[in-house]
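The structures considered in this document are given below.
There are two complexes below, and they share chain A, which is joined by chain B in the first and by chain C in the second.
The block that comes next holds the complex of A and B.
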């Protein structure tokens, strides 16, 4: 009798996902917030917040992290966009093999790959010890380039060739067509590429450690350092800062995308 | 069209387009008068869209000239041509709203500014002002009946509305020629009919030359001042809709435009043609005894009770089509499609008659298949990319084959025909079509089927672009892969050079 009473409903399908997000997304987030605003004894306090903003060293770490994240995103887009354009053009790219060529570095463990990049750079004279920022950016760009190319490539594949022709037809030359038609039309790809690069760059520390030979401290380093020393509360507060920044950048990128849509957004 | 309005706006001279050696548009010659509504009509792959794209500038012609107002524009990029296009799938910009889509071209445009001169005294160029753009956009919206839609998102519009925006976006630039590439193809039937009427009205109002591409013959007949019927990259016929319908140049045009009965006939004398086993009076003049194709439009055939018309036959089917019935009558082995408003009983005899001027007579396109070929070492003939067995003794009269494969005549002269060039002729009924691609001599694809009363005329095109035209009673499907066989005795050959060139000493 019990069995006959049970009627399967579509919404039951969401149960596994719901459980997953409760245990692996929502609960950890709440834990981070809890740790961020408590002290060692579990009492509610703002000491972590005070500590973070009172130390100028911490603040400069944050600024450096953001700057490296932005530089990496911009350079990746500048290199990745033309590559994706070429790959999406059937005339130049007759098979998926060339696409694979750009993706294949991802198959190698990234620590190994980054270490190899460091050695290669040292060999051509860009020593991580002497030029930590240059070396770090090069390492970051190399690692994150595929994440830019892939979303751009797939948006460009879906792009209607007729719309580009329509732009020419209405009197736009090649440069005007690129800025007024192709860029706005690939904006979703640009946004997702930027999001996929900017956020992980900020919180990563392995690449900067290897490439910059520990001369650069990013916010990821701080979190790692604190957690390793058992300082869960202050570490969680740093994590919360990153979380806030990521949330902010999502909102900002959405605005950029909307600006592309709105009248006069790009000209 | 009034007589004063005869200025030629665009002229295509010998325009040819090839892709990787395949000719898509073949020596296209056409002049279009200013203000006309011209339609390129043809089946898919006939080159009509490619021709349009060459006028727009998206494709460059392989050879030939495109003259716009007397100036060659064939090498000018599209953004410098005073021509705008309405695309098949609209191609609106999704990141812009209706207003900005329409204003796109205007914002890029530069016009001479009379108030500011440069050092040479020529007016400087300036962009249009916001008010000017606004005025033009609002005007365009009014023309396409989309007032108050200017701030709508493209994605919120229906197909018909998007189509209107696409038209507005093109006409707002006041182009000299508006190109329309099957613009109504994506709309449903009712919407399409409405848009046909509206487009025609817009054309009248704007006075811009329209070049319209479609595969829909009804659309072409409804809207055009002039129709260009195309097939295989070549113009089949150019003319006013009525002329194309009433006097088709060949069986392709007759078959493609409207419904038609096509028969093989023979001219008896100046005023009579024999087909359907009857001498019909006709008005076209052709040489006596010439084999011709005869076209009868279903609505031109008068149906009557048995014995009251010219030819009797049995009505075998009847379909009610709303305003009329469509009958199929069998006269001997020939099928006749008749449209008539009266109700006749089927499976009974009836009679048809046709007025002399309703009988359209055309030269036969294909009397036989002819090829250039040559004889190989084993005395086979090679033509159209295939090796066929043949009787080489027919090439030189009174000869026989000897043991070594030489031809010997009565006087003992030996001929070696290896590599001799020959003209090959095969009758339309002498080619066999075989279903299995492997079993014939050469395989190909069926590219055209035209029903001719009691048989089908089928064109098989091989990979090397050779055509076999076959008359057969059996029905096949277009795009079928088939192969052909030709019996040895049906291959008629003639030597290109004199026989004595091949004498062996």
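The block that comes next holds the complex of A and C.
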């Protein structure tokens, strides 16, 4: 009886995905929350929270992660912004292949790519054992530069060229036009590039492990180390902190993107 | 003129820097040496060694197997989901889009450990000693890749003429027939690009693989990570880099050829 009553609707096609997500996305995240607020015996407790805020080592890990994340984001933007601008201008670049060339390194296995960068740096004398921070930041820039160029390039293609013309016509010089017209117009691209770099830099542990020869501990390394040692509760608490930061950046990102859009429309 | 030269030089200078590590590996794959920087004369010895290295070949087989299986599952699940979400009511749409968004923005390490906790939890319920294996690894990769299928297929659904499906039903097609012969061909480019993206993401992944695999199962990422821990990159991996680079170039040529083809067709 039930079968004959059942009528196919296209929206039912998302049911497998819904079930899959409940099982393998939502439930696992709830488990992180559960582990973050329980102790080894499964009793509810704030010990992980206390441990996090009482240890100065953890605090310095957080600071180092933020600093490396910021350094990487700024360097990537400084290198990538001019590249994206040049690629979007017909005068300097006519073919899409050049754009693809900048993305292509991403097709080489990420670990192999990072190991290759380490070989290069060792060869020219920048050893991760001696200069862990320099080596790690170079490794990070190598890995994240394509992620910056791509969103910037696509916002620059959509940029309204008349506004730049108008800026010149109204007497602005090149520097003024760049800071008052071009930068605001490409703000959504800058923000999305920055979010694609900053959080992953903080939470990744592979690049800092390989490039820094295990001399640098980022939040990602801390989670990995705790899980390797079976300390799931404290590890989950760190993961919860990352989740909170991501949630915060998503909220901020939405506002800035809207502001960027609005500004683009206003001018 | 000078500006043009400076601009172009900057583009190619950064490109050169980006490819320098890869070129270095490729150059030193043509000499039989363990250390980069020591040139022992031209030889193909390293390539011979690569083809005799059963371990690496096995690792490659594993890597490709995981990428293909997980991408097929992701593409089917994601395409169905995209169609379903597109035709859902406002509330369901918002909910499902939110779930997709979570997976996209979440840090890989958080996804990875959350899955570890889940699998351990399931294992403790089922009283199984080691639950981690091929299935958990595939689930991990599907979690990682399925949102990108949805994000690739949805724009194609939006571009589609909404009346075509109804027309097919009016002309007597069953819903499944209408789906197969009307909707699927329309959104196929999105499905294909979603599938290719899944393959790339899966081949590239390290963190989720490391947390969801059985420890004896090595993919290229975990294998390279393992050997770099012990010291430098083995020279066989330099030869492998050459092959990966060649495949990349081939893909680039195909893309270039195809886009030119399209442009010509548009003009014609």
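FYI, the second predicted complex is superposed on the first by the 224 of 267 C-alpha atoms of A that agree within 3 Å, B and C clash if a C-alpha of one lies under 4 Å from a C-alpha of the other, contacts with A are read in each partner's own complex, and residues count from 1 in each chain.
The rule is simple: a contact is a pair of C-beta atoms (placed from the backbone, for glycine too) under 8 Å apart; a residue touches a chain by one contact, two chains touch by 3 or more.
Note that this is a predicted model, so its numbers are computed, not measured.
*Asks:* Output check: A:248 vs chain B and chain C. Expected answer is one of first, second, both, neither. What do you get?
*Replies:* Neither partner.
*Asks:* Figure out whether A:93 sits in contact with chain B (first) or chain C (second), or with both, or with neither.
*Replies:* Only chain C is touched by A:93; chain B is not.
*Asks:* By the touch definition at the top of the document, which applies to A:20: first (chain B), second (chain C), both, or neither?
*Replies:* Only chain C is touched by A:20; chain B is not.
*Asks:* Classify the contacts of A:163 with the two partner chains as first (chain B alone), second (chain C alone), both, or neither.
*Replies:* In the superposition, A:163 touches chain B alone.
*Asks:* Is A:115 contacted by the first partner chain B, the second partner chain C, both or neither?
*Replies:* second
*Asks:* Quick check on the superposed pair: does A:8 touch chain B, chain C, both, or neither? Answer first, second, both or neither.
*Replies:* Only chain C is touched by A:8; chain B is not.
*Asks:* According to the contact criterion defined above, which of chain B and chain C contacts more residues of chain A?
*Replies:* Comparing chain B with chain C, the partner touching more chain A residues is C.
*Asks:* On chain A, which stretch or stretches are contacted by chain B in one complex as well as by chain C in the other?
*Replies:* Shared contact residues on chain A: none.
*Asks:* Give the list of chain A residues in touch with chain C in this complex.
*Replies:* 8-18, 20-21, 23-29, 31-32, 35, 79, 82-83, 86-87, 89, 91-93, 95-98, 100-102, 104-113, 115-120, 122-123, 142, 145, 199-200, 203-206, 210, 220, 223-224, 227, 232, 235-236, 239, 242-243, 246, 250
*Asks:* In the complex, go through chain C and note every residue touching chain A.
*Replies:* 4, 7-8, 10-11, 14-15, 18-22, 24-25, 36-37, 77-78, 80-81, 83-89, 92, 96, 99, 101-103, 105-111, 113-118, 121, 139, 142-143, 146, 150, 165, 175-176, 179, 200, 203-207, 211, 220-222, 224-225, 228, 232-233, 237, 240-241, 244-245, 248, 251-252, 255-256, 259
*Asks:* In the complex, go through chain B and note every residue touching chain A.
*Replies:* Listed in rising order, the residues are 56-58, 77-79, 83-85, 87-89, 91-97, 99-100, 104-105, 107-109, 169-170, 173.
*Asks:* Spell out the residues on chain A that touch chain B in their complex, using ranges where they run on.
*Replies:* Residues of chain A touching chain B: 160, 162-163, 165-173, 176-177, 180-181, 184-185, 187, 260-261, 263, 267.
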